[in-house]
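Presented below are the structures under discussion, each in the form of structure tokens.
Next, two complexes with chain A in common: one pairs it with chain B, the other with chain C.
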Partner chain A sequence: MSETMNFIDQATTFVSSHESQSKTQWLADFRLQQQTRFSQNQWPTRKTENWKYTSLNALQQANFNQPSQASSTIDESAYAIENLNAQTLVFVDGVFDATRSQLDIDSNASVCLFSEANEKQQALIQNYLGKASGNSSNIFTHLNGSLTHDGLLIHVAKGQTASPIHVVHYASSQTQAATAQSRHLFVVEDNAQAAVIEHFASVESNGNSLFNQLTEIELGNNAHLHHYRLHLEDEQMIHLGAMHANLQRDAQLNSFHLALGGKIKRIDIEVNYQGSGAHSDVNGVYLTKNRQHVDYHTNMEHAVPHCTTSEVFRGIMDDNSKAVFNGRIHIHPQAQKTLAELSNKNLLLSNKAEINTKPELEIYADDVRCAHGATVSQMDNNALFYLLSRGISREEAERMLSFGFINELIDGVKHEAIGAYLRPVIAELFGNQQHLAECDL
Partner chain B sequence: MLTIENLHANVDDKAILKGLNIEVKPGEVHAIMGPNGAGKSTLGNVLSGRDGYEVTQGKAFLSGKEILELEPEERAGEGLFLAFQYPVEIPGVSNLEFLKASMDAIRKYRGEEEIDSVSFMKLAREKCKAVNLDQNFLKRGVNEGFSGGEKKRNEIMQMMMLEPKMCILDETDSGLDIDALQVVAQGVNSLRSPDRSFVVVTHYQRLLDFIVPDYVHVLADGKIVKSGGKELALELEEKGYGWIEGEVA
Partner chain C sequence: MTDVINERIESDYKAGFVTDVETDTIPPGLNEDVIRTISAKKGEPEWLLEWRLKAFAVWKEMQEPEWAHLKYPKVEFDKVSYYSAPKSMEDKPKSLDEVDPELLKTYEKLGIPLHEQAILAGVAVDAVFDSVSVATTFRDKLEEAGVIFCPISEAVHKYPDLIKKYLGSVVPQKDNFYAALNCAVFSDGSFVYIPKGVRCPMELSTYFRINEAKTGQFERTLIVADEGSYVSYLEGCTAPMRDENQLHAAVVELVAMKDAEIKYSTVQNWYPGDAEGKGGIYNFVTKRGICHQNAKISWTQVETGSAITWKYPSVVLKGDNSIGEFYSVALTNNYQQADTGTKMIHLGKNTRSTIISKGISAGKSQNAYRGLVRMNPGAENARNYTQCDSLLIGDQCGAHTFPYIESKHPAAVVEHEATTSKVSDDQLFLCQQRGIEPEKAVSMIVNGFCKEVFKELPMEFAVEAGKLLEVSLEGSVG
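Take a look at the complex of A and B:
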């Protein structure tokens, strides 16, 4: 524990000395409340159940300096998604970069920074900020709250259908050995629809850089959100982030997650069902190699009847890398007629790679249907032989099958531009085979 | 084209093939028939190099080249093609990328250039049509959600794309209705040529009405126990396999 003191000390000092800079009283109040939560939480160690397989030792090299200016040298090709037809908001090292962003006033969504919110937007933020993540016991959630001086609000009003919004967080080389953080609040009102892509990219070899991104989602009655969270940062980075969503009656959340490995990537995903008939599809992919580490903790809180969860996560681990998947489904006593399915499949490509997978069902209602499964395996020999018998080399056949294992989930994403963007990224990971990515008719 | 000499093979330490001999000349179609458990499927798996099939004795030559020591993908490169009895479903890998990877690999093995995407697509569409498969099948995962008949037609479609010189059809007729059977047979017949040979492994005579063989062999207890012309198949259909076992004993 002592080795992380440096970071904790810094964080605590930073949190307590930070107050004088505030401009907005309501945001200052929020920070104060979050600081209390932060100081009430124990720093996680390997003995903390939720952090059993993820060591925070790497944080000892992290530093709590926060960049205040966006860097001018960034690689825009690192995050461009072709044919997405979205408005793009670019944040560099946590700071909004207006010159690289493309805002579209006809998008049917109101988008603003907390610091620039008008009265109506401020009211929304005050109403919802910290709500979806209110039950989180993750100390980094409250660290994020303690330092929230700004944030991004995306608001889609009742009955509106908004065009896709691409939110990019780029970590430039100035975040080396530094910390950046940000906060998103997405409010989709009754009968409204939206699509948001949260996209994390960085310069290469961004050593000891720490990012903490907290996303809160509020879906009104019959609201529908397609959400993507893509972690494509450099393997030297640390990301400690979370997504929390509240779903009202008949709301639908489609949330797709992808993470390439980092020094530590720990993402918490929580869905709170607050109105009956709500549904979420939460799918994810994690791909690690070298000495990378990814940790997804998901939690489905079924607190009301007649809600459904479909959750599929798949991972491939190579070399000495390690992944953690913890999928909890919590069905409260009153949540009758819940349907929940959780599947987690893993493929290990090396003897030294590691996966710790734990589906966790807690069921307190008696009329529910709930299924879960976790598998860890090597290649399917029948499929492998089929490819070999058609002349394909063993090495390439293994690459194709690994790719296929993941591509099955990519094929399921609603926005084809995102599938087309991700396939070559993943193909390259498995050895840069051109035709793996070319499957257009 | 294909010469098999005294082939013995084990599966899980149990002897399945016990001295099989066969000689297939270029352009010929040989049918291998036999009762369940005779070793029919083992033959195709041994020749194509599947794991778990151990050759204990004997040799097999493809165009004079010993193939039993080669890797499965090298055998394919040499021109051997096995149409599977149970084609595998591979979700996430599209038929198209599978076919392209396969064609590229085989062409590379033969020292030929890779086919360009435009010619490849044209060829793939053409062959799909030839076996009556909708072009959308190309975009789908390999055999994913295909019916039994569609899977078998996909095998023939692959055969047409790869143009092997030695084709082994492992019970391609099993589970096919008469229409699918005719499509499959037409595909095979269209590929018949003086420099391409076929071994058609089947339990039933029915397929041989459509793919007419030059020779029929009866495989029983790991050996060829009787060989003859196409009329042997009819005789088997009429009398069953019992009389042969009696005759051999």
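Take a look at the complex of A and C:
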């Protein structure tokens, strides 16, 4: 415990001693405001409702050091997605790596770092920074805000259709555990369309490093964003991240999440409906094994009428791993005619695996239709028997069924190239079945 | 249409009279002396006093829970009187004839004439008035069968071994804030023991009533069903209308030994406060049962009263093949708030549980289902099915669902489903088109919504529950 205190102390000291000077005064003001909220917030313990099933003990080994110089050996194959035709932005340990990035494709999107933003972009950042995550009570959001010196802005102007943008966060092998923060701001204006892939990759065993990545999304009237957040880092990593989105009238958000387990992976997803007629599809897959831990907390804030949510999360837990899912749908009194559905299905593959799921409904309006369902079970015995009776070995049949359980969601993604990229990665988890990887049901 | 609904909602609390009975009440406040006084008044043995004091020590260290989805001014525990008994109890009545006629009138007003009900319905009633058990009917007949059904204060003297063995065995003193408080100051309640292999010849019943102002009621019920036995137990509650909030913190413990079955039904109709949300009972209840091998515990509850309800009847499925059931209808109206649900803790193999919860919110009320289903590592082939549906009547109320599902066994299956909707206009239209008046139609629809739960209630209660629902809903159709 004293060592956890150590991390808290380190963080607190670091934040309070943190240089609030900056060439841009508004950014310094923002940090200051976030620092205040950070210091007002209680450090989460197991008694904190939102952290009931996720222990932060693993932070004992974490360290608040800044990452040292990134090693030059970076395995580009760890994140390359074939046939995506996207701009690629590569960040190594939270720092932009221009040499590995490809920004040459003409894309209708303006992409820049906060530190290199022009006047117009600065105005955008100033306007939207911290807005979508404004109601967050997560201390790591405020920690992130307190230390925001730079970040990534992707801006799609009114009526434009941008080609996909692939944002890679690569964790290099550090000799010492380190903590890195990163911040994304995506602004898609009225009637514009965009696709962004947030991709987290790393080399093996760079032990105990902590990454805190916060994404804020602003969708204008009738804007449409395809968003992917893929957590494929090494299992030694600790990730405490969040995605917050504001949706204006008739905006549409398709957000797909995937996480392989890590020491702790905790991702908060929040969608704020601010204009009527907005819709979001939030789907996700989590796969854990060994002693990994994944925690997804989702929150749908229906504050206005006529919005719809469709949310499906599926998880498979093996070995000693543990997963947590908390899906909240909050219907405010004005949000009449809301339709919201949430489904969470889980497969446990081992006697030691564990799932804690809590689909929550909080409803203050009467003319709405809301439903949620959650199941936890083993593989369907009938399906298993069917395959066995056709001469397929038990092992292989189990693999096929597990894969099928999540392939359904992967089939639903809009960008074919991402599905094609993910299938072999997942198939490998279930024992590297070549024909599974190729199956495109 | 809305007017009709409102009219229906605004019906009065029918059990809100005060009975003028001279009582013996301890001044408000809580300290060790109060506990000693309560214990002395009941002539309790030393061990029970120790037990109470231990609970009190634990309680002092505990924090009032704040996690529930409830908003209410804090209870001032110093302003509550922890003991109130009708004076006439001093020289205990031997039979019903000796009971204070005023008291009996109270029960008649409540619609439970002891004599009639005892004879006609064949129900044995233990009525708890404020804090003391006033009469237990049909005791002789039960004794014949070997069933013990008596006030717990009496059982302490008559059956000390049983009480010593089972009191606090399911809900220990330090279980939670209100349970600890109850352990320290519990005044009376019912004790039931069904011997091995006996099927209780009639349904047992308790009526609770808080009469005296500014008193809290802390009853404690302990039911032990020995191997292979069966008992069905009914519980009903009412209180007079008063402006201030009154506290009710009860503990119910059920022990179902091997092959035993306990069916526990509650119709809770404490005073819910007036239409402005003034007054009403704070109902903080801990109910839990433990199932040994092949045993079954079934909770059925109809909750229409109380300003605040904080109640989670639970089952610990300890033995293999044991079964837990929870059927609940919770209706809130005006400014009532309910945070209620169940816990099913699966420890043994092949254990099964079913949860059916129906929440109805009307007026400005908040109604939350909070449940936990836990599959422990030993719960091989365990099975749970949960369904919680909410119905909203009016646009100012809230319906919430907080189900916790924790599974640690791959061969355990948990299913949870929840829906929320309002009384559908189509259904209402269909009924009206066939000449059914709107208020009648809503009552029909709501009754249909709750049918799965009502059919689990014993017959006499099912009728009462249906009526209660109708009355509580009056004026809420929209």
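Following the convention adopted for this analysis, the second predicted complex is superposed on the first by the 427 of 441 C-alpha atoms of A that agree within 3 Å, B and C clash if a C-alpha of one lies under 4 Å from a C-alpha of the other, contacts with A are read in each partner's own complex, and residues count from 1 in each chain.
Just so it is clear, a contact is a pair of C-beta atoms (placed from the backbone, for glycine too) under 8 Å apart; a residue touches a chain by one contact, two chains touch by 3 or more.
The shown structure was predicted, so the numbers you read here are calculated from the model rather than taken from an experiment.
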Touched partner set for A:Tyr386, first chain B, second chain C, both or neither: first
Which of chain B and chain C A:Ala374 touches, first, second, both or neither: second
Which of chain B and chain C A:Pro333 touches, first, second, both or neither: second
First, second, both or neither for A:Glu362, with chain B first and chain C second: second
First, second, both or neither for A:Asp411, with chain B first and chain C second: first
Residue ranges of chain A touching chain B (in the complex, touch as defined): 380-383, 385-394, 396-397, 400-401, 403-408, 411, 433, 435-436, 438-439, 441
Touch list for chain B against partner chain A, complex: 48-51, 71-73, 75-77, 81-82, 84, 87-88, 90-94, 96-98, 100-102, 104-106, 109, 117, 121, 135, 138-139, 141-142, 158, 162
Footprint of chain A on chain C - complex, ascending: 67, 69, 375, 377, 390, 392-422
Chain C-touching residues of chain A, taken from the complex the two chains share: 49, 53, 333, 336, 346, 348-378
